[in-house]
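In the part that follows, the structures are each spelled out as structure tokens.
Each of the two complexes below includes chain A, the first together with chain B, the second together with chain C.
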Partner chain A sequence: MAKKRVIGGMAAIFLKESQVLQAATAARASGFIKFDAISPYPIHGMEEACGIERSSIPYVTFGAGALGLLLSLGLVYYTSVLNWPINVGGKPMFSLPAFIPIMFELTVLFAALCSVGALFYHAKMPKIDPPTIDKDLTSHKFAIFIPENDTGYNEDRITRMMNELGAAEVKKVAEY
Partner chain B sequence: MSGTSNNIMLSQPANHQPMKRDELVLGHKSLKDITDDICAPVERFPSKGWMGLFLGAKTLFIFYILTIAMVVSTGMGLLGVNHPIGWGTMIITFVFWVGIGHAGTLISAILFLFRQKWRTSVARSAEAMTVFAVMTAGIFPLIHTGRPWLDFWLFPYPNQRGPLWVNFRSPLLWDVFAISTYATVSTVFWFIGLIPDLATLKDRAKNKIRYMVYGALSLGWRGTAKNWSHYEMLYLILAGLSTPLVISVHTIVSFDFAVSGLPGWHTTIFPPYFVAGAIFSGFAMVITLMSLIRIGFPQFKDYITINHMEVMNKIIMMTGLMVGYAYGSEFLIAWYSGNDYERYVFMNRAMGPYAWSYWIMICCNVVAPQIFWVRNFRRSIPVMFVVSIFVNIGMWFERFVITVTSLHRDFLPSNWGQYAWSIYDTAILVGSFGMFFTIFLLYLRVFPAISIAEIKPVMNVGKDEEGGH
Partner chain C sequence: MASNHSNEFKISKFEAPQNLKAIMFACLFVGLVTFILGFIKNPERMWTSYLVSFFFFGCLAVGAMFFIAFNFAVKAGWSSSIRRFAEAMTNYMPVFLISAFVLILGFKKLYVWNDPASLAALSGGKSLYLAPWFVSVRMILFIVGCWVFGKLIVGNSIKQDITGEHALTNKNIKYSIGFIAFFAIFFTMFSFDLMMSLLPTWYSTIFGIYCFAGAIQATIAVLAIIVVMMKKSKWISGYVNDEHQHDVAKFLKGFTVFWAYIAFSQFMLIWYANIPEETEYYIMRSLNGWMGVSFALLIFRFIVPFLVLLPRGAKRNDSILVAVSILVLVMQYVDIYWMVYPNFFDGIPQFGFWEIGIFLGFLGLFIMTMIQFMTKNNLVAINDPRIHEAVNHHVTY
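And then the complex of A and B:
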């Protein structure tokens, strides 16, 4: 972790949802690829504006759900059929219908918890003391952040472009 | 808050245009107003009303802990369970509280999948209600085992007794898995919803301790477009997973009864009947809590509007009719089955020694909600508050009727008996409300009671400017 390079860049603050959406479209159109938009709530259309691909979390959910199903089947089969078979009311040792509730619950449990784990992985959470551009970004302001290692990064150009798009403030951020 | 009263006037039926959606958030609020309004109860000194309620709830909670200590140390004999009624207050109240929880998941998950935008205002508190109700419920079966210090035997783990595994063919074990999965997934779902709001509270923090606590709880959430994209996908997935889960949970709870061979329990109608009853009682509890929140935090009236309350009252009325239908159909099937024992159980319910509990149930669950056919009653806070209390009482009695009247007279008259209700049964039942309300009141003080990040995208619904739909 010590080697991790701190990445700074330029941040433009906007006061309106429509402005930040335009700014994201404009930033993408002018060739930036690593930029990100920060907003207090999910904005409709922002994924298209930023060119973000569909989240891969559903694949994790499916995989984890299938794993949970198989593991729970293994658990009930091993315990109730192989390791300690008990005759309950003359039912067969491998009485699948009676095992379905257990298998269903563990499928859901695995799928849910692993999906949450996938979000934490993608969003790099939990993170202690994340850098903050502006404290109002979780309340009523929006921002576009362009990191300094992005293609065509030029402070003057970004400042000019963002001001034209109606930014309330354009500033240099040491770390984000 | 200025201008609020004018805007409430605007949403009155007189100005109601047929093709226009009702406003979900009243008043012309900016994004900052919304943040300020919802964060206010968390950031100011508690009001006298909150203090009063909290002191009462907390005292009841301590009383509850002492009662449980006595029941655990002395034994289950303090309660009214006996032969033949081996399931009593513990199981009745367990089913009651689990049922309460279901409305929270219905609002937060099922209505989310159906794109019902009005759910946004009430989802957070309803989901919190779910988590706390399941916590309250979970204690009962654990004590009901009689030796709660051995409750870890409920889980399948390698042990030195054989290994002697749990019986996976038993509905009681299905319940262990269903309730623990439900508790885990609902808590995670609720907490995932809270993360962006906790980041908001962190950024508003005026002192270091508050900053550190909310900073740690928000797990370093930043709200970038990439994060929101994954977040929204996860929220959709959790809603999709919670939907079959919540239905499975009360289905499995009903299996505890239905899989047995006892007349009155052994019916295939139980799963849908239990799920409908759970949603019915849960919505009643949501109405009770939301009425109190509206009184305690007047600024929330712009978010939890009368329209929201009316929609929930409609659901109460509909699920009340479904429950009433189930009561009727049980009688029909008992008669149509031609089974003497089945017929006797149902005649005994309505006319036997416990007829009073049956008729309390009918009055509270089937008769009382019919008042909501009248629009003015659906929109009156005092009326809906009283009806919601009646429904809660009625739904507790429904579980009492199912459990006790079926057990007390089964096949052999020599095996008949009465439930020996004791003062400890009352104490356990009343005390559990102390636990629930203590936790709920604390929640209102430390977490935003309405989802800030979810209410902002729907704030323009029903408004002409700003491109509202």
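And then the complex of A and C:
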């Protein structure tokens, strides 16, 4: 799990979805790379605007699913064929159709649990009680947060830029 | 915003390309010749082939109705710009009805229960349920019902292009829910009557869902091909883009998994219980070379489409998606063929001119009805209240 560390920075609060999308595009265009957009709901096109790459979670899901499939095949093979063979209805000990439900379930279980795990890892969760930028960010406001360790961080410049983009408020805050 | 949203939005009147029309007429001609020739020279093969193709294209038409209905019922926004293509597929309904009447002529070559003595010998109330007049009534009721619902839902959708009334969409939601209930019951009976009763002593309660899963998978495959074609065509710009293609491809993959799930559920319970009156069906399909066809279904109808469509890039790649869709459609034909043919010709696989000719005939009819619909109506439901959701649709990674 990633280390939790409070980072200061500038937050610009916006009242409109279109403005925050523009602001994210502008922030990226002016060279910021570590900034984040905060919104009460997913915004179409925000990933591209912020330059967020596709996450590696789907690959984790596929790998974990494949692993689950093989492990479950090993499990049923060991228990039903090698260690404790029981004749059921005269069928061969190694009867794949009977094993498939177990293989399917374990594939899904591995894939799902590992995806959730990978999501928590990527999102640096759990974040307990982070500093609050603005309470209304969970209902009707939007924000762009630029951390102070970002390239080209300059408070005056950010304030000017964000005000030009129509920010309702630009303030100095702290975030994880 | 993604670059594909900056396109200008325009649609123009659809005109069928000359070569498509030429293909259509060639298909119709070959189909008609095969039908007449088969009727005189080889009626057994002609009727079995007719049943397979009749079921194949009927499933596409009612599958398209189901696609429209569930999209209305869940108030889906993204699909409103591609809904018209599915609506074009439902224009096949009158042909479906006529070909069903023709099929009744072939009952005596196809079904054991058409013979009164064999019918009386069937146990468990089947002699009543499978009386030829009763089967015919159910089949005709199903198709007429789909046609009526199609007239209501598609009719409202077309009317909305002119009036722009939002109330029409709300009406369609009610009709769609009604259609889904109707479809669930009548499609089950339709597949029981036409497919399962080829071997009237055998039964499987999941059979209707099995046919439904295949039908919807094939319908989405056709839709995927049309979406790719229309995205690149000169008639539409802006309304159909990679995002819609991506979601249709997701549906295609989803129903691929659903088909495999249902097919395996049917197989595994019968295999496990091992009761003679149930295993008969699968034994017929594991002898005389049918084992190869059975495995081909598993591999090419599930494993290949599933793995190929898994990456995001494959769903947004035109040629991969079209190739998988064609594979799925071929396997849908093989699936229906696999349900019908083992009951005939001493269980030995037969394939050749009779199957291809009749299939081409139906294909010609299907293309003809689609061209007719697309030429007459707008290619996009332009006044749909959710059209803005569709044009701004964006699939996040």
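Quick notes on this one:
FYI, the second predicted complex is superposed on the first by the 168 of 176 C-alpha atoms of A that agree within 3 Å, B and C clash if a C-alpha of one lies under 4 Å from a C-alpha of the other, contacts with A are read in each partner's own complex, and residues count from 1 in each chain.
The working rule: contacts are C-beta pairs under 8 Å (C-beta built on N, C-alpha and C of every residue); 3 or more make two chains touch, one makes a residue touch a chain.
Everything numeric in this text was worked out from a predicted model, so none of it was measured.
Overlap between chain B and chain C is detected when the two structures are superposed via chain A.
Using the contact criterion defined above for the overlaid structures, shared-chain residue A:Met162 touches neither chain B nor chain C, since it reaches no partner. The partner of chain A that touches more of its residues, comparing chain B with chain C, is B. By the document's definition of touching, of the two partners only chain B reaches A:Ile102; chain C does not. Once the two complexes are overlaid on the shared chain, A:Ser55 sits against chain B and chain C alike. In the superposition on chain A, A:Leu75 contacts chain B only, with no contact to chain C. In the superposed model, A:Gly45 makes contact with chain C only, not with chain B. In the superposition on chain A, A:His122 contacts chain B only, with no contact to chain C. Comparing which residues of chain A touch chain B with which touch chain C, the overlap comprises 42, 44, 47, 54-55, 58, 98, 101.
Chain B makes touch with chain A in their complex at residues 30-32, 35, 156, 162-171, 173-174, 177-178, 181, 184-185, 188-189, 192, 196, 199-200, 202-204, 215-216, 219-234, 237-238, 241-242, 244-245, 248, 252, 255, 452-454, 456-457. Residues 24, 36-44, 46-47, 50, 52, 54-55, 57-58, 61, 75-76, 79-80, 83-84, 86, 88, 91, 95, 98-99, 101-102, 104-106, 108-109, 111-113, 115-116, 118-120, 122-130, 132, 135-140, 145 of chain A touch chain B in their complex. Interface residues of chain C, counted against chain A in their complex, comprise 1-2, 5, 264, 267-268, 271-272, 274, 310, 312, 392, 394, 396-397. By the touch criterion stated above, chain A contacts chain C in their complex at residues 21, 42, 44-45, 47-48, 54-55, 58, 62, 89, 97-98, 100-101.
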